[in-house]
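Have a look at the structure below before the remarks.
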Amino acid sequence: MAQSLKAFTTGDIARALGLELQGDENTRIFRISSLHNAVSGSISFLVDKKKLELLTACKASALIVPAGLVGTRAFPAGISLLPSDNPYLSYAKLTQFIARSGSESGVVHPSAVIDPDASIADSASIGPGVVISADAVIAERVSVNAGAFVGVGASLGEGTTLHANATIHHDCIIGEDCEIHSGAVIGADGFGFAPAEGGWEKICQLGRVVIGNKVSVGACTSIDRGALDDTTIEDGVILDNQIQVAHNVVIGKNTAIAGCTGIAGSTSIGKNCRIGGAVSIVGHITICDDVLITANSFVTRSIKERGSYSSGVPLQDSTTWRKNAARLRKLDALSRDFEKLKSTIP
Amino acid sequence: MAQSLKAFTTGDIARALGLELQGDENTRIFRISSLHNAVSGSISFLVDKKKLELLTACKASALIVPAGLVGTRAFPAGISLLPSDNPYLSYAKLTQFIARSGSESGVVHPSAVIDPDASIADSASIGPGVVISADAVIAERVSVNAGAFVGVGASLGEGTTLHANATIHHDCIIGEDCEIHSGAVIGADGFGFAPAEGGWEKICQLGRVVIGNKVSVGACTSIDRGALDDTTIEDGVILDNQIQVAHNVVIGKNTAIAGCTGIAGSTSIGKNCRIGGAVSIVGHITICDDVLITANSFVTRSIKERGSYSSGVPLQDSTTWRKNAARLRKLDALSRDFEKLKSTIP
Amino acid sequence: MAQSLKAFTTGDIARALGLELQGDENTRIFRISSLHNAVSGSISFLVDKKKLELLTACKASALIVPAGLVGTRAFPAGISLLPSDNPYLSYAKLTQFIARSGSESGVVHPSAVIDPDASIADSASIGPGVVISADAVIAERVSVNAGAFVGVGASLGEGTTLHANATIHHDCIIGEDCEIHSGAVIGADGFGFAPAEGGWEKICQLGRVVIGNKVSVGACTSIDRGALDDTTIEDGVILDNQIQVAHNVVIGKNTAIAGCTGIAGSTSIGKNCRIGGAVSIVGHITICDDVLITANSFVTRSIKERGSYSSGVPLQDSTTWRKNAARLRKLDALSRDFEKLKSTIP
């Protein structure tokens, strides 16, 4: 069983979510389930009206439903309803309510190595094997988990979580209520080298990474420090796993970026953008606010108008694709040939 | 020298591989080599009949050969032959025979931090700096290497190896005889957020990652825990490095996936698939059994028939490619223009 | 403020860079800035003559300029000039001069776990939580930072830095003056498996990774050990973050590779190549010296002539792209249709 929750009652849940309960407030709830997988003791949620048909067979004991739907149709007998103006958001808050199990705060594991010149707030918890360097500042309710590293002069704002084996380099600033997942590396050197006789000469990276509040950084994601100025991640940005953010990139407020995307140096991305997975974005360009880029796209120029952009090439069976790809290699010739032919026809 | 093996005799090797030896059983073998690089003291192997011509100059002291080949042609004088029905598999077993050098079992390094409520089998070995959390279960012959982290309630099945600095989060299940390489992160939170006024609201991820037996997970690969249900990797799956597996993905038995591939949330991949490197697979689709996807493809829809699929665009010199790419941006117009022209010609 | 430098004088800097100073040698410099961001107390640098116009408003106190430019035009009053034959290289050296702040050498943190059979030079510094295994060799002036792991028999040459939470597996050789960033994994097993009845049989990877001098390996980059022979990274190679280098790859001297690129097994890349970000390179091919591959390309064949190569598909608005992509799926049919039509026209 994926979840092993202690039991809550429908009444507990309604109060926690600030929703009005229609039904028995003493029904015990043991897990959150999709409509499809719900069993007795499950609470489920209906977001998409296309899934209304699943309701008939749904065995959930409680259901978060769009408020507008109540009264317009019959629900399974005995199910407790929690009408919500935003069922998906209520579901998010329900997961938070359930997941906030009591992690110990204010505990510093004796195996952690904390420099005497670091500042650790009383309610911060520091796991085993953690290393916190001189002049680092760890604010209240921060959790730094096993094996994580915090460099000299770095700071973590209130309520931020650093997961196991994450790395924060010197002087980087992480805001409040952020979550940095395992294997993430914040503030490694940007990729800066000057060509010199006989090889590459390193340009030491003197900037920082500055991350705002309520930012999420996924597992194995890397965000490099700036060359002279800072790499900047604004409030509310959410980054998935395996993302590369190069030096001096700026990512605007509340922008969401899916896994495996790479952003080259000095590129600036606006606010409220949604960038799909495995997108490549070249350096030194600007993407305006409210841009949507679909998965697997290649962004080579600045984007100056909000909207949706793409360049991913969809799959075909290999035989057909090979023929098409071979023709693509000659598309310019075909096009010129066509123009020529057209001009010969009256 | 890449390999520094203690010496085995041809007789030792024949017995270890269960093959019949044709030649001297006392020849000493110091390394495994490709046909091309073999020297005196090497054992080599012939898999591909296209490489038969290399035999003439081959200096190996012993050779694993296709059983059917023996007697059909002459081999270099003095070489010991090990005929096999499957030479490549025999080679694999030979590498295993040689690599199984005596790592200490049952040793727990004093610097490891092991919660008193964790269960560690007697023959498990736990390296320096390892952290094992409460209620974790470490089975017999498991090896957890330096700096690795095992979260609360996670379990590692018999004979599994966790390499240095790998991370297993709470409640995840790793089966028997698995190998999780360094930098891999199993069970970080899936990328789930609900849009809310003013930003993104986190959907806490309550599922687990459940991995079957004999699964290999490459370095720096991340597999996220499920949102409500589990992310599932079935028996015998092999995953290369730098792969991203999002929440609630299912990967079927014996499927192989090469490096840098990303799989978005809730996608289900069948059994015995072979997926090339740097493939992007969107979320919420299903790929059936026995599918081959070539490198650098972009999978946007479910695949319902076994077969080979592609969409990678092969390289050209930049000048030619730029012209073709510019035409590609107008391909729809060209196609319509062509239809129009065609219709005007009797 | 990104940088918080102790103050140097223009005279200090001129001497450190070996440049002749034109101006006051006692001007105090507090930071390096781009022309655009320079303030009083900044030193800046002019590399690109297209940026000459920025000089008029530039507030820097000192400026590194192309030697040929001095005397040909007026500079802001009071600015100290440092003429250089290669201003960008002088800038690189300036960052090094400033960044070389006194890290302690010869300090071994008491929490580090060092096998008694490892060899650690007197001037090497070993951070907290580091694990160094038996027979490892750590040369003079090496810095191994918090949580890093060095396997059995691995060696790090003089002046090399291993950043926090990096992993070097057994028997790998890292040369002198290298920098291995956090989360990098050197020497994990290559992805080698033989198909067998019932699943995949592991081919144990018996080679090593051998890295030359002055090599940089980015954060979260993985370089797998060879199957039988070694994976080889020659002197002066610079690798960005999130790169995957598979087993038995060879990367030639001074080649530079940008982030998120993947190189499959046994491929050999020449010297002085420049490979963009998010490039996929298939296995068992050879790329000659002096090749430039632009970002997001897919390399499927050997490259035998120096030059620039590409295959990335640039972005369009999604509606237009969808139409073009649909036509691309039928490009072979269109091409054949066109040939047919052309042949019917006299």
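The first chain written gets the first letter, and so on, giving A, B and C; residue counts start at 1 in each chain.
The criterion applied here is as follows: contacts are C-beta pairs under 8 Å (C-beta built on N, C-alpha and C of every residue); 3 or more make two chains touch, one makes a residue touch a chain.
This is a predicted model, so every value here is computed, not measured.
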Chain B-chain C contact: same residues or different, taking over half shared as same? different
Superposing the C-alpha atoms of chain A on chain B takes a rotation of how many degrees, nearest 5? 120
Could you grab the centroid distance between chain B and chain C? Build each centroid from C-alpha atoms only and quote it in angstrom. 26
Could you check chain A for residues that touch two or more other chains and list them? 111, 129, 147, 165, 183, 220, 242, 260, 312-314, 316, 328, 330-331, 334, 338, 341, 345
Listed in rising order, chain C residues that touch chain B in their complex are 111, 113, 129, 131, 133, 147, 149, 151, 165, 167, 169, 171, 183-185, 188-189, 191-196, 198-208, 220-222, 224, 226-230, 242, 244, 246, 260, 262, 264, 280, 282, 292-294, 297-301, 303, 307-314, 316, 320, 323-324, 326-328, 330-331, 334, 337-338, 341, 344-345
In their shared complex, at which residues does chain B touch chain C? 2-5, 31-34, 37, 86, 88-89, 91-93, 95-96, 98-99, 109, 111, 127-129, 145-147, 163-165, 179, 181-183, 214, 216, 218-220, 235-236, 238, 240-242, 253-254, 256, 258-260, 277-278, 295-296, 312-319, 321-322, 325, 328-332, 334-335, 338, 341-342, 345
